[in-house]
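The same subunit A turns up in both complexes below, where it pairs with subunit B and then with subunit C.
On to the complex of A and B.
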């Protein structure tokens, strides 16, 4: 309990630090967002009025104070380029990004585990070298390039999947939340589910491949170590087949080291959504982030970066808690 | 061995193309000709002689833009990779050799730095530094020095415990002199491998930033800019996307394979 409270406090301090750094750094940026909003020929008065309207005429600490007191009350300010509330803009886009990252994570775990199992069952044979070669390739090609390759091969040459957007505009589901995939499953609206999945598949796969290679590498290594331990040898001596030994005995003990790593790598995957969403014109946070940067939309950039920071910190927290729950040695720590 | 030759071969072609771009490129990379827009490459019907890889939606020659794009890709790779290597290995050498609080501070900074996803970090930095090639180079160096610092620190630590370091100190060499004359040459092979890997990363980051229009102006020929243009033309002129994509793929793969190949050759344990 004490640990949990301490953990929560440090998390809050980290978040505050991130907020300060982002706020100050962004204020150093060259370029005047107000000048970009006004039509040419606007008078000095107009500029001053608009500047005061967005609070940009105050000192940086005063601006930070105003912004922070707003954030605490759930008010993240108004986007300069879109002239909408930052909080609702960002939270409106968040579900799309979470669903994409979630699907990518599932794909990465399935693929990585399969590769690790194949590599372990077929040790010292052709299959293991093939797995290693494939892994090396996955690791050296980043998600951006995978995305491009899939667009060309599976979107244009063999047009199996759509290559832009989140959903076919003609479907236009009238849902209560923006978690379209989850809500379509709950409502048993499988036509929408299928369409969403077909739009998400290529970007999710592009994000998943590098992560799957990391999972395969680490899991294979720890499986290899476990496969020589006495209890596995005993299970084998009892006459269990190699596959049964692997799934019933070895995998459970080899998962822990992989888990911590997956947590760290998952934050990188979330970071990767920024560019992959842009590539596939997927209406998520990342796409919004790039537009915000291009338009020098300070309140919007701040809101998005803060939300990404929350996501990273939350991921690490979840991994720590899962690790503690799975590892009996830490249960009473 | 094979991969060292193959990857080295592609990189050599790239370097030559970049150096001799004005003499090799069949056309001006910026010249637009709306009568020649979206010409296919030579192996597809309807191609125009002289435009080997076709033209884009403004009638600019794809091959010439590729060749000039290689210049920008390599400039960023060498300068950004070099700057990251310089900052990272200096800090890594100092932290690994002196230990104590120097090591603790550097180690802590590395941890904080690496907890932030690089792509997001790069976009944010370029937003702050302003667009342009110099910001792209600076952003990559600021983000990626940790890759060098982490590995060089560990390597230096291992080397510092060796007898030859102790003997150098015994015969009266200064601490800093020992670091520069004895330890540095021994971590240099690792540094070279890292540098090769980093150049591949720098090429990708530059392509991503010019893809989202945060690098140099979109008229200038960059592979990322060509990919962005090709993405909008994907159904009418797929070659505008495919050509720079293949070049990017080969370059990134070559840098990483060259690095790995170098590692195998240099590391006597692996040989």
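On to the complex of A and C.
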């Protein structure tokens, strides 16, 4: 209980720190939101009036005070470029990004685990070298480059997948939430599910490939160490096949050290959604973030960054909880 | 009595060509306890590992035969060999702290082989596991079956491993220094336990140890190894008798004794080692 309170407090301090840094940095950066809004010939008077209207004529600390008092009451301000409430705008986009990142994570885990298992079972053979080579390649190409490669190869040269948007507009599902993928599954509306997945597949794969290589590499190393331990050797002597031994005895123990790293890497993946979503015109948080930055939409940038920070912290929390669930030694007390 | 394990001319080498076992031959009959003694590095554990098919990576059997119930293990295919060993041979490992999977409950680790290799149904396997835990003097079997290894003591874990080894009624048990990692008070209990269970179940036991005191108590016959070479082999009565092989005598003198401390813990004399090295070199020469 005490732990939980401490954790909540540190979370709040972290979020406050993030808010201060972002608030200051985006105001120091060149570019003026007001200049972006008015036509080129606007008078000094108009500019000043609009500036006062958005509170931008005040000092930075004063602006921060106003913004913070709003946030405490659940008001994240109004987007300058879209003229909508930042809170609802950002939360509206969040489900799309969560679904994309979640799918990417699942792909990365499946791919990474498969590669690690193959590399471990076929040690010191061609297959292991092939896995190492593949990992090196996956690691050295960043997610957005994979995105571009996929768009060119699988979207244009061989048009297997749609390369733009989240869903075919003609489907236009009338859903209660913006978790379209999850809701379509719950409603057994598989036509929508299939369309969503076909739109999400390439961006998710682009995000997943580098992470899958990290998982494969670390898990393979970890498995290699565990496969020499006494209880694994003993299980082998009991007459179990190598693959049974690997899955029943070794994998769970080998996953533990991998998990922390996957958590950290997953936060990079969430960061990667910013560019990848833009590439695929996927209507998520990342796409919104880029537009907000281009338009110098200060309140919107502020809101998005804060939400990203919350996502990172939540990821770490989930990793810790999973760790405890997988490791019986951490379970009691 | 029938011969359970018969090893003939066993040669084990590393990939680099280093000889770990030099033409070792021995046999163990039903219900018999055979001791394997020697200093560390003599290759005594390698014999057990070769039989169980768990030699470390890069170490292989290069010559000789291992017969289990009359079947030559080395002539069998991998799958057949794994099954046969899984059904007929069990191991009591050296270190109870590392020989149990920390992420699995004790029960599953005893019953997995009964269920998946011997084809028992889960209920019967569980009953059997509880029965065996009682046999190794664990008072609350139901609780221990549901516990994780970190929840029970080291001595208790070793007893769990002994129970697991005997549960499947194997023809042969290889005990690989089962008391080395335990403290002295627990050692005695564990030895008595292994001896009792072995007598009751009529299992053949290959007992690997560096402790001559343990051998004297437990093993009617033994093999003495030096650098992978059989130095002496035969009845314990003869080897512990008035005229043992000099190396065996040196090993006995190296054993700690509480009654005569000044006569114990003596290092092996250099002239004995020199004589052994000559003997090994000679055997190597004869072998080609």
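What we mean here is this: the second predicted complex is superposed on the first by the 321 of 333 C-alpha atoms of A that agree within 3 Å, B and C clash if a C-alpha of one lies under 4 Å from a C-alpha of the other, contacts with A are read in each partner's own complex, and residues count from 1 in each chain.
Heads up, the rule we're going with is that a residue touches a chain if its C-beta (ideal position, glycine included) is under 8 Å from a C-beta of that chain, and two chains touch if they have at least 3 such contacts.
Note that this is a predicted model, so its numbers are computed, not measured.
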Clash or fit (per the criteria above) of subunit B with subunit C on subunit A: fit
Contacts of A:279 with subunit B and subunit C, given as first, second, both or neither: first
Which of subunit B and subunit C A:249 touches, first, second, both or neither: second
Partner chain in contact with A:265 - subunit B first, subunit C second, else both or neither: neither
Touching partner for A:25 - first (subunit B), second (subunit C), both, neither: first
Partner chain(s) touched by A:305 [first = subunit B, second = subunit C, both, neither]: first
Partner chain in contact with A:240 - subunit B first, subunit C second, else both or neither: second
First (subunit B), second (subunit C), both or neither touched by A:329: second
Angle at subunit A between subunit B and subunit C, C-alpha centres, nearest 10 degrees: 90
Subunit B versus subunit C as contact partner of A:289, first or second or both or neither: first
Per-residue contact with subunit A, leading partner among subunit C and subunit B: B
After superposition on chain A, the shortest CA separation from subunit B to subunit C (Å): 20
Touching both subunit B and subunit C, residues of subunit A: none
For the subunit C and subunit A complex, residues of the former touching the latter: 52-54, 57, 82-83, 85-87, 89-91, 93-95, 98-104, 109, 112-113, 116-117, 148, 150
Complex contacts: residues of subunit B adjacent to subunit A: 115-121, 123-124, 126-128, 130, 200, 204, 207-208, 211-214, 227, 231, 234-235, 238, 241-242, 245, 248-249, 252-253, 256-257, 260
Of subunit A, residues touching subunit C in the complex: 123, 229-241, 244, 248-249, 252-253, 326-329
Residue numbers on subunit A that touch subunit B, as the complex places them: 22, 25-26, 28-31, 136-137, 140-142, 144-145, 148-149, 151-152, 155-156, 163, 267-268, 270-272, 274-275, 278-279, 289-290, 293-294, 296, 301, 305, 308, 312
